[in-house]
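Shared between the two complexes below is chain A, which has chain B as its partner in the first and chain C in the second.
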Partner chain A sequence: MPYLFILPCVLFCLILLLYPVIYSLTLSFRQATVDTFVSGDMPFNGLTQYQAALADPVFWRAVIDTVLFAFFSILFQFSIGFLLALLFQANFPLKNVCLALLLIPWVSPVLTAANIFKGLFNEAGPINQIGHLIGLGPIPWLANPAYAFPATIVANIWIGFPFNFILLYAGMRSIPPDVYEAARIDGAHYWQRVAKITLPMLKPVSVAVLMLGTIYTVKVFDLVWIMTGGGPANATHLLSTYAYQVGFSLLNFGEAAAIATLMVLLVLLLNLVQLLLRRA
Partner chain B sequence: MNPFEALSRWWITAAAVVITAILLSPFYWVLLGSFMTPAELFATHIVLIPTHWAVGNWSEAWTRLWPHVRNSLIVSAATSIGTLLFTAPTAYSVNWLKPRGRQALFSFMLVTQMLPAIVFVIPLFIVFSKINLVNTLFGLILADMTFTIPFALIMLSAYMKDLPYELVEAALVDGASQLRAFFMVVLPVTLPGLITVGIFSFLIPWGDLIFALSLITEGGLQPLTLELYKAVGQYGIDWAFLLPGSVLTAIPAVLFVIGASRFILAGVTRGAIK
Partner chain C sequence: MKSNTPRKSGLGWLSLLGCALITGAGLANAPAEVTTVEIVHYFDVQGQTDALNQLQKDFEAANPDVKVHYTYVPFAELVSRTLQMAAVHKPPAIAAIDNPDVLRVAKAGILMDIAAEVGKFQVWSDIYPGPKAAVTDGSKVYGMPIGSNSLAIFYNKKMLADGGVTSPPKTWAELTEAAAKTTKAPVYGIAFSAVNTEEATWQWEPFLWSNGGSLGDLDSENARAALQLWVDWVKKGVASRDVVNWNQGDVPNQFITGRAAMMEIGPWMLGAVKKSGVDFGITTIPVPKEGEKPVVPLGGEVWCVLKGDSKVEQAAIKFIQFTQDPERLRKICDTFNYISSIRSVAQQQGQANAELQPFVEQMDTARARSQDGGAQYPAISLAARTAIQKALTGQASVEAALKEAAAKIKPLLGTKK
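Showing the complex of A and B:
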């Protein structure tokens, strides 16, 4: 009986999860382009796809941008989430309403957020309209690579802060109040209590939040694909959008699969770095 | 712990409301902007309230989007139900009936959460092309389930762990089969968890772009997100269509958050903290 209960799920996993993962890995060692895809035989050609990806400057730019994108997104998502979580430790009227509303950016489809920020950062959009009030000229946010990349990060921070907020909020709630009370009686100020009690006792939750944040942020695709499409001039690609472009626009599935494998290695590496930083 | 012990709770309320309003201001813009003409939307000076409510934006967007809304509803509902059918018995069995290999299954699910979508998109596109599942809603549902199943199993497992197993044992002692006990006891008791996971398994395909973009090229089968994605770029951006459409896309999520924020909160924090 135990096996009957898990059988459908196991079959699904084997056919639609494990098989594609193995397929993707083997594809990265094959020449899979338009010609070979149509004829059906995708010949093995070793590390050629990996060499092609690693020799491409756009790939390296995408690697650096993926890391920067993850770093700044998580830095701000976590900070905003942490401060909100602190504020919401107090009980006040409308708290549950505010809490529910603050979840909306995170549960809404990414497409909605992407289109909103495409509008906000439009050359004639609200951000420049407000800039105009204080005498700034219009800035072509999404047309200029130097601005387009930070603009996508701002949008991603907005999408991700609620997730950090609710997890840190729940983590803080599970700290027993008498610990704070004891510190307060001993004369610790509010921020001293935050630094000496909240932060250390929240560490397991923070670690989980940061790890999940890293995994989710490296995977971001829709947001950047809709906001900039990796452009202008391939300047705002993340590895996800670059791999997609190589696969579905340039129809080089072998190289796209190789980039996908390299992405997985990057996620592992980033989590390893975090682990080492925590140990140190 | 109250951060501002000296301040009254009314001040804290005011602060929280103002901060919430600021953080949600992008929604204010898209919501009111969906009733503006492009000229008003992108005027030199910011317009906070539309001077003439352009209700036509909405009716035109709705006419154009309805067939795609229907596609999205079909795909999301089927993905959600399918996901629960596959994962509910598994989450129960893995936690209480202890089949061999459950650790491997669970670890594999965790690992797939780390993999970027592109790892699945390319193989599914190639394989589905060969077996004629490209340009079918069924193919898109299967693809979306590769997102929802690992996530749902991990989340449901946390709920199943809290199941009071004595209830199941009592039913077994009374002569019920495992299967009967599962339907009559396990499912009703874990209903809040099933609802939460069901909601998320609906919202994930509802917002999906990458699978629809890769697997559905036939206009009539395209879900809502894809129709809106296509509205950008070809002939500039049609904001009078894009903004109401973007709001429309967010409606299920907003409804679920307002109706079930307690469930969502419990579900998300459970999975990550345990």
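Showing the complex of A and C:
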């Protein structure tokens, strides 16, 4: 009888979490295309989908870009968030107003943000107008494969830094003030206190922030899809946009599922690397 | 990691939706004597939805034993959703499928061959060859076009006059010249879409095809010249470098806000451009040499009947036949801002509305995109648009980019069934 109580939860997990994962996994080993999907006799073809994905240069470019995208996004999101959190430990006028303003990027819909960034980076857009004032020629931000990728990272940093900031800010507030006071009496100056007290005591929070950050950035889709559609010339494809293109433009569901599986493996791998780095 | 639930961006939801459909379908069952015709579509513009609602009202009044039920699905999901519904044995009666996708969906075996039925339609003998090709595979017919659209050049009359261009361009040389004369910062001579979606291929096809080229043979002089034309515009600065990032929504924005003197776009934008107050004209797609005929790709959706219950199939055909009454067809196409795929109806539209005339003129030679590669069209188009973007952004020469695409396309054509 007691099992009846956990039944809803178990059912929820099985139907909504486990089943899709397993379905997607099995799909990745089947030849699931337009022809076979409807008839339902999607034949197992082992690793064919994975081989096809791994043999595609665009896939590898997407892997590298996904890793770079995550690395630079998190690096800046975390650094900016950390510095802002330090700043907000002090009291200053309009602090609460600034706090609320800082959260705007996080609460604004990605759809809106992406379209605004697309406009900002337009050849005739505001960023180039400012560049013009300081003597820079117009830069085709999103139209040049070399600039388009950094431009999407900049947009993602803007969207993601408040999340880092607010968690780190809350984490810092939970550090007992008497630890700082003792350090100050011992003559530790500000940056020493930050390096020797704030950083180590913030470690549990930082670990969580970095892990969540990795997951959030590896799965970014809408931002890049709206800003560049993976272009120009496949220069900004992430694994997510690439899987979408294979699945929904080419209707090769099997290969898209294989790419999605590889993407999950990548997230696990990146988190594992982080874990090992921390242990070391 | 225990507390994290990695998001599955794969296809798990497909199956979920399947479950939802199975359980949901029981509720939707109508009384036994009434047949429900479910129509999936992605029309979301006011004029289109008004036309659909009117159509439903008229049809239900004439056929009390049939109910029409529309299901809206976003554009990008229509094909996958239709396949999915068919896979769980709950196909809609009709799907309004984008014409280049029809043969591909038919290949999955879920569309009904309605050759015998459309043969009896009064309008079938009068259908243009392009739309006919889009729905025909050998002797089989997999649908009836709702209407067609295509591309032409919209021009800002004042900007052309200010630049000293006396008549709208008819040839490639005139078009390039007009673009150069009207370019004056911040105005570009011409705007088009070369974004990393089907839009890029579709916008390039008028130039490729008018020059005698085809997607199946990109490593050819015809294709190179057509791509060089675009590359030169960007190199000379008469088109913005941002074209590789503009979709077909961005292009009219450039035109309406006075940042482009000309644009390549279709009749569905007529309403918005008219509303903007820009004094504009429309001309057919310029051709390589004077006197040649432009060959444009066809857009527009097709009513396709899905295999299922025979009673529903018959009701679906009845509905499609109802839409094909010439008078009614013209009304539908007018509100959709489409050109009818039926010659006599299209000609009436052109006579009544001068702005539609260039599009009507192009219908005779217009081609279905599936004529370049059949069911493999989407993969072929993807290879082509990568070449377009590489050449436009200077990552590869026109020749190298097209050679690479041709190498990718060749095996696809080999596997064509």
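Basically, the second predicted complex is superposed on the first by the 268 of 280 C-alpha atoms of A that agree within 3 Å, B and C clash if a C-alpha of one lies under 4 Å from a C-alpha of the other, contacts with A are read in each partner's own complex, and residues count from 1 in each chain.
Here is the rule we use: a contact is a pair of C-beta atoms (placed from the backbone, for glycine too) under 8 Å apart; a residue touches a chain by one contact, two chains touch by 3 or more.
These numbers were taken from a predicted model, which means no experiment stands behind them.
K.L.:
With everything superposed onto chain A, say whether chain B and chain C fit together or clash.
P.N.:
clash
K.L.:
Figure out whether A:Phe44 sits in contact with chain B (first) or chain C (second), or with both, or with neither.
P.N.:
Neither partner.
K.L.:
Considering only the touch criterion stated at the top, classify A:Leu133 as touching first (chain B), second (chain C), both, or neither.
P.N.:
Touch status of A:Leu133: first partner only.
K.L.:
Contacts for A:Pro8 in the overlay, against chain B (first) and chain C (second): which applies, first, second, both or neither?
P.N.:
first
K.L.:
Go through the superposed model and pick first if A:Trp60 touches only chain B, second if only chain C, both, or neither.
P.N.:
Neither partner.
K.L.:
Please indicate which partner A:Ala233 is in contact with in the superposed arrangement: first for chain B, second for chain C, both, or neither.
P.N.:
After superposing on A, A:Ala233 lies in contact with chain C but is clear of chain B.
K.L.:
Quick one: name whichever of chain B and chain C touches more residues of chain A.
P.N.:
With both complexes superposed on chain A, more residues of chain A are touched by B.
K.L.:
According to the stated criteria, A:Ile215 is in contact with first (chain B), second (chain C), both, or neither; which is it?
P.N.:
both
K.L.:
With the two complexes superposed on chain A, say which partner A:Ser249 touches: chain B (first), chain C (second), both, or neither.
P.N.:
Touch status of A:Ser249: second partner only.
K.L.:
Which partner chains sit in contact with A:Val267 here, chain B, chain C, both or neither? Use first/second/both/neither.
P.N.:
Touch status of A:Val267: both partners.
K.L.:
Between chain B and chain C, whom does A:Lys118 touch in the aligned arrangement: first, second, both, or neither?
P.N.:
Touch status of A:Lys118: both partners.
K.L.:
Under the contact rule defined above, give the chain A residues that sit at the interface with chain B and also at the interface with chain C.
P.N.:
In chain A, positions 16-17, 19-21, 23-24, 27, 37, 118, 122, 124, 212, 215, 219, 221, 229, 240, 243-244, 247-248, 253, 256-257, 259-260, 263-264, 267-268 sit in both the chain B and chain C interfaces.
K.L.:
Could you list, by residue number, the parts of chain A that touch chain C in their complex?
P.N.:
Its residues touching chain C are 15-17, 19-21, 23-24, 27-28, 34-35, 37-40, 118, 122-124, 140, 142-145, 148, 211-212, 215, 219, 221, 227-234, 240, 243-245, 247-251, 253, 256-257, 259-261, 263-264, 267-268, 271.
K.L.:
Flag every residue of chain A that touches chain B in the complex, lowest number first.
P.N.:
So the residues of chain A in touch with chain B come to 1-3, 5-6, 8-10, 12-13, 16-21, 23-24, 27, 32, 37, 84, 86-96, 98-105, 107-113, 115-120, 122, 124-126, 129-130, 132-133, 158, 161, 163, 166-167, 170-172, 174, 177, 180, 190, 193, 198, 205, 208-209, 212, 215, 218-219, 221-222, 225-226, 229, 239-240, 243-244, 247-248, 253, 256-257, 259-260, 263-264, 267-268.
K.L.:
Please output the residues of chain B touching chain A within their complex, sorted ascending.
P.N.:
Of all residues in chain B, those touching chain A are 1-5, 9-10, 12-13, 15-17, 19-20, 23-24, 26-27, 29-30, 33, 41-46, 85-87, 89-90, 92-94, 97-99, 102, 105, 108-109, 112-127, 142, 145-146, 149-150, 153, 178-179, 182, 203, 206-207, 209-210, 213-214, 225, 228-229, 232-233, 237, 239, 242-243, 245-247, 249-250, 253-254, 256-258, 261, 264-265, 268-269, 272-273.
K.L.:
Which residues of chain C touch chain A once you look at their complex with the stated criterion?
P.N.:
It comes out as residues 1, 4-16, 19, 76-77, 79-80, 83-84, 86-87, 104-105, 107-110, 186, 195-198, 240-245, 247, 259, 375, 378-379, 382, 386, 389-390, 392-393, 395.
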